[in-house]
Amino acid sequence: MNIFFLIILIFFSGAILSFIINKIAPKFSGITTFITIAVVVFLFFTQIEINSITQFSLGGIQMQFGVNNYTYIFAILVLGLSLLASLYSIKYMQNNDRLGYFYSNFILTVTGMLGIIFSRDFISFFIFWEIMTWSSYLIVLYNGKHSSKSGMKYMIFSAIGAYAMLTAIVSIKGSYGTFIISDAIQQGAFNFSENIYIPIMLLIGFAVKAALMPLHVWAPNAYSKSPMSFTSIFSGAMSKMGILGMGLVLASVYSQTTNDNTFSVLVLKQVLGWLGGITAVMATIYALIQTDAKKLLAYSSVAQLGYIIVGLSTGTKLGVMAALFLAVIHAVFKGALFMVAGAVEKQVGTTDMTKISGLIRKMPFTFFTALVSIIALAGIPPLGGFVGKWMLYEALITESNNYFLVIVIFFSSTAAFLYSYRFLFGLFLGQEEKETEHVKEAPVTMIIPMVILALILIVTGAYPGILFEPIAHGMHYLGFSDVNWDMSVLVNVWGEESNMAYINLSIGVVFVVVFLFLTIKGYKGTKNVGTKDISTSGEIPTENENLTFQLDFFKPFERAAAPLYKRSMDKIWNDLGNALEAIFDFTRRIYTGNGQTYALFVIIFLVILLIFKNTLFTN
Amino acid sequence: MVITPIHYIIVPLIAAFAIPLISKIHKELYRIVPGIVMFYNIIISFVLMKEVNEVGYISEIIAGWEAPWGINLIITPFSGFLVSLISVLGFLIWLYQYRFKKVIDVGEIKSYGIMQMLMITGAIGIIITGDIFNLFVFMEIVAITAVSLTSFYRGRDGAEAGFKYLLIGSFASAMVLLAILILYTQVGTLNMAEISERMHLVPQGIKATILILFIVGFGIEAELFPLNGWAPDAYSQAPGPTSAAFAGIVVKAGIYGLIRIIFTLFDIDGAFDFLIIAGLVTMIIAEFSAVKQTNLKRMLAYSSIGQMGLVLIAFGIGTKEAVFAALFLMFNHAIIKSLLFMTGSILMYNSKDKTILSIHGIAKKLPYVSILFAIGSFAIVGLPPFSGFWSKLYILTAAANKEMILLIIAILAVSIVEIVYYFRVVSKLYFAEDTEHIEIFKPSINSLIAMGVLAITIIVIGVYPDLITGYLHNAADMLLDKTSYIKFVLNNNVQIQ
Amino acid sequence: MIAIIIIIIMAVLLLAAAIYSVLHRDLLFAVLGTGIVSVILSLFFYLLQAPDVALTEAAIGIALTTIIFVITIRNTSRDEDEIIDKENEKL
Amino acid sequence: MKKVLVIILLVIIGYFLAETFINIPFGENRIGDINLEKPTAAGYYLSNTTEKSKVANVITAIVVNYRGLDTLGEVTVLFLATTGIASILYRRKEEEENAETERLSLPSSNIVRSGARVLFPTIALLGIYVFIHGHLTPGGGFQGGTIVATGFLLMLISYKGFNTNHNRMVWIESLAGLSFIFLGIWGLISDNTFLGNIPEVGKLNSLISGGLIPLIYIAVGFKVAVELTGILDILLKIKPKK
Amino acid sequence: MQEEFNEIFLKYHEIITLGVYGTAIGLMLIGLYAILTKKNLVKIVIGLSIFDAGIHLLFVGIGYVKGGTAPIFSPGYENAGNRMVDPVPQALVLTAIVIGFAVTAVALSLVIRLYKHHNTAKIDQIKSLKW
């Protein structure tokens, strides 16, 4: 049997199996999920050879499955992350009810993502896209009543995106007569000079999943409301599906730039870039004022996606490289961070940063993961985040010299320091609270995935080449030829790459040692001052303005940026929704309950047709 | 005795006339016999479909008079497809309502089964008859049964809905009668094949008038926009199985009438554009009105109207693939909407004040029904991998091939609205805290089987649509090729391979 | 000559009866009007060489339709605007 | 306001109907020559009825034989109307009890009673005559059936005590309907078309003629009579609202 | 009487045309008027039956043939086929009349039930199902 079909089949049967097993022995459905994904990972990395194509036809439509160098990057990302997440969620989801529901949808989501990676034609792409969407929607609803509203928002926006995509797909079929992606690209479906709305529609479709600015409103709630073990792949991997599509479309749009559509392409570049930049800034600003760690992480991942889109929008070799690199790194550290939040939530019961602090003693491994990932997120030198951002800046400055955008991004990434530090401090540092005395370290099956991710971060920080290699191949598929990871920014900064590895590695080792030393030292008794009772130069601050990291540290900032918070995108969308509701409520009043009115309608209709009969019905 | 199309009509009639007698033996026969008849319908369909696949058409003449003079029953791949769909649905609906004591007290009113059966027979008759006045008679059978089934419950609203239906329905029959009258004066025959053969003799103005009368008449049954005021009331007040039958069977008959008239009888081009416009208006208004409904069955009714609008749009596009897509959509709508009505009526029955608002978290008490409802709503909004997706995709592709980008956008925008109201219900079903319910009435096993069969069909077709696409393509071709229809009916020996 | 006058009279009567039965407030008389309509209609059918139809219209239209209308009126209210029996309820 | 709108609409409709029927001259012969090779349907009926189905009354031939399926459907419609009315006006047991079911009846004076007693057999006989001679003279199953039903109506409203034996009515109804269909099936067996006729029986314009046609029409007559009586019975049994 | 009718037909063709078609269409319009404006359910049903009556008259009218006789081969007229009126519309209207009666009966029983429930027969007061 064909390997692709085999994998899909395994996934579906795994979904059904975990649903059934939950009825018998709820404990094992998580394990079933883990095993299913593990089997698929094994099959994928042993059996599938890249650039192999499988032809088949469904419903009279020619379809193709296959993996190429570009999608391979995302395949690694999706499979690895979902494997770890499924391992993580065994304990995390323990003794919740409706586990079968959760796990079957979990597997279905992964199926969708992998199917998207497999499919080389638009129809199967769309099918798997939709499967991914609705299964993830069901998981967003998992947490019950208070999450159903955000789930609705998510579903509506996904539907808008998906249908924009479908419009583009069918009009490609209408104009070029094919559903195969590569053929469509060859025939110039994405060529701006031929038709501009097909690529735009597709981009809109992908932008929804990638949470680009006007369409991002679903993301924060959906990310923070769904179970953390799922959010780690929801934000880590699924958003990258949007990036995948955008990369594909944009690459072919840029490659088909000709004289007559230079301007429109330029406009597209600018618009996308600025949208990405604004997304980054706004999301960062919103992340600053969050007191719930999950919300904070959700906004920050929106911001990170903004960077990635900026990178894609440049369309230059370095920019796209930066985008892809950031995509991978972001998946890793954001997955890790959400896992951390999940661990805290599991052990403490809340992720409200104003309530808990000083978990460092209780959960050192979690703290280690958090620290590493935060460093990566903030883009502090030793780790990958820095590499990606540096490449991005360089791309923006040197290649597409777009200085304002650089400024915007730089601002947002500096602001990112603030909230990332708040996350770290609010949860882990400082003195313990009374409530968190009983807290213990998370169970080992939750620690392992987190630590693995942290180590991945360190290693990729040390050897970025590990990531550059597949990315370089992928970019070669996209048409950016002679990409070799020697031309990475690292060379320009520190000269030779190899000893760069030593430097990074040594930095990493030193860092780990210091960290362990500090933690051990931390265990020695220290005088116990509550984190919130600080005294600034002798005077006791009033309660309403307590400038600790946990409470009102960002109050001044918030005051400064008040107008930005006042009219948010959410409000605009909500007003739109209310207007539509009014319209719906109006239309149904046509059906007045009076039977005679209906009869009158019939007669009026008849008369109108009779009057216009000679204009309507002629042959 | 060799099986011929007439069995569709005489067997149920024999049963209907005989049931009052034989059920003096045992009361249960009132309920069992219709089921047997429905099952026999499936057998007939099976046999006839095999035959149709070999020879393009089956035509049977009544009372030994050749086609233009006597009444003839004709089964084309198109009508055969609809008829077998209706037969299967009819049997499933019977299976669903069998022993459905709570919702339909068949022990109390014995005639329920008979009327349901004869309504389905009337729908089949509308589809297989080749004579326009005979079609009118079957329309009347359907109308009367539908009205009396609509006002079947003792409550006050049943009668109201029934009266509205009767008022508008008698308009429909009057229009059709008038149209037949004028048509007869022009072509001097009632046989559809001969009518379409002689249609070119009719002067333009009169032709347009006839077409308009037919459109109004059948449009009422097919729930075109300004004519469908009766539909939401009737759907929401009828017993659950009957609503399922309305959505799955009666509407199909109305659509068939409209399509047969426009495609076979008339040769007017404007009719197709009219279909698109009317379908679009119908779809938009119905789907909009569905959003703020609180009665689940009424919401489903509006959604059903909207789907019919989509079907009309697809027929109006008029190309082969569009007709194919329309047939696919009719198939999907039949099974999915029947499933939704079956499950929805159970849910409504169990909700405290018979509104959507009070079915919070009922899924805990009725897990299977809720899952089936969820499957149905996923399918109807056209999410893969359920069967609804394919029909939507084919319609969009057909529209795209004629460069109707605005139409595509409109259809998709409307399906976003659909998603809104269906998923609102689904999320209420599952993910709201459960309020206390009146004692839950659990559906009996046979109802579950009936619904399960439909759900499995939805999924199987969704995963592997090729099961029916080939056949539907054939049907679409046959519908569009009317010369062979005429030739075959008028001299009975020609057989199109 | 007589015949043509008869026909015109019939046509006029027919329409008059129909209008009467539509406009008259007392439903019983309105139903009577429909009865008259049926009578004249069956005469028309007879003149138009349709004896079968005439018979049917006579039997169904005159006798049965009228009686079921009467039964209905007896079970609902005789006055179109239901003023009378509303007053009766008051009493 | 609404009335004005309606009148305007009606005027327009009337205009278009008139416009249509101006082009359909009244009294014009649209049958054409009935002895053509391929005449119109009407012409075919007029030319072939006497030979091919030995029936004097062409309309009977059409109703029962050429378009027999319509008649079957029509009988079904009546049957459905009866059952439908029964289910619409159905009353539960308890409702049945507390509603004293006294039928609508004329003020029972002796004249009416005796008149009815005299009239009823006559009317019934007339009706039966009409539908027995349906294939020779004007009239037939429907007409005769309705006439019989009017006779029953007379009895029902003039006699409080007069009750239609429901059981017997069910028997007649079912048997009549079944005999219609089975006469049709006889044709299906003999020359394998449903309702196929055996016209060889009898000669034109004699009581025994037209093969199965008179039999079917008689069955129709019985069925129509019983259905209509049933409808009247149900309607008359309703308890008027005080 | 029918014979007279036939011969005067030739003279007063227009008048008779008007007499038949006009009457029929008039009946239909009157019936429609009742359906569309009258509030009382019984009146609406009356309108329905008048509307049907108009259509039936039209049917018989278009079936009429100048100088034709009733389509019955009574003894002595065995080969009168060529001067008979069109039998098909008559057969159709036969069916239509009976069906119309059935519909009327059902409608009236519904009216009775509506009156029971709502204690009124005004169609504009019976609108508990709307929107």
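As written, the chains take the letters A, B, C, D and E, and residue 1 is the first residue of each chain.
One rule holds in what follows: a contact is a pair of C-beta atoms (placed from the backbone, for glycine too) under 8 Å apart; a residue touches a chain by one contact, two chains touch by 3 or more.
Predicted model only: the values in this text are computed from it and were never measured.
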Subject >> Between chain D and chain E, the fewest steps along chains that touch one another >> reply: 1
Original post:
By label order, what chains touch chain A and chain D together?
Top reply: B, E
Original post:
When the mean CA coordinate of each chain is compared with the mean CA coordinate of the whole protein, which chain is closest?
Top reply: B
Subject >> Length of the line joining the C-alpha centres of chain C and chain D, rounded to whole Å >> reply: 21
Subject >> Gap in Å, rounded to a whole number, between the CA centres of chain C and chain B >> reply: 38
Original post:
Per the centroid of Cα atoms for each chain, what is the distance between chain A and chain E, given in Å?
Top reply: 71
Subject >> Rounded Å distance, chain A centre to chain C centre (Cα mean) >> reply: 77
Subject >> Numbers and ranges of chain A residues touching at least 2 other chains >> reply: 588, 591, 593, 595-596, 599-600, 603-604, 606, 610
Original post:
In chain C, which residues are in touch with two or more of the other chains?
Top reply: 51-52, 56, 60, 64, 68, 71-72, 75-76
Subject >> Where chain E touches two or more other chains, by residue >> reply: 16, 20, 32-33, 35-36, 39, 41, 44, 58, 61-62, 64, 68, 70-72, 84, 88, 90, 92, 94-95, 98-99, 102-103, 105-106, 108, 110-113, 115, 126-129, 131
Original post:
What are all the touching pairs of chains?
Top reply: A-B, A-D, A-E, B-D, B-E, C-D, C-E, D-E
Original post:
Within the complex, which stretch of chain C touches chain D?
Top reply: 51-52, 54-56, 59-60, 63-64, 67-68, 71-72, 74-76
Original post:
Which part of chain B faces chain A closely enough to touch in the complex?
Top reply: 160, 163-164, 167-168, 171, 175, 204-205, 207-209, 211-213, 215-216, 220, 226-227, 229-230, 232-233, 267-271, 273-274, 285, 288-293, 302, 378, 383-385, 389-390, 393, 396-397, 399-403, 405, 408-409, 412-413, 415-417, 419-420, 423-424, 427-428, 430-433, 464-466, 469
Original post:
Contact residues on chain A for chain B in the complex?
Top reply: 58-60, 123, 126-127, 130-131, 134, 137, 141-142, 144-145, 147-148, 151-152, 155-156, 159-160, 163, 166-167, 170-171, 173-175, 581, 583-585, 587-588, 590-591, 593, 595-599, 601-602, 604-606, 609-610, 613-614, 616-619
Subject >> chain C to chain E touching residues, read off their complex >> reply: 1-4, 7-8, 10-11, 14-15, 18-19, 21-22, 27, 30-31, 34, 37-38, 41, 44-53, 56-57, 60-61, 64-65, 68-69, 71-73, 75-77, 80-82
Subject >> Contacting residues of chain E [partner chain A, same complex] >> reply: 32, 35-36, 39, 44, 123-124, 126-131
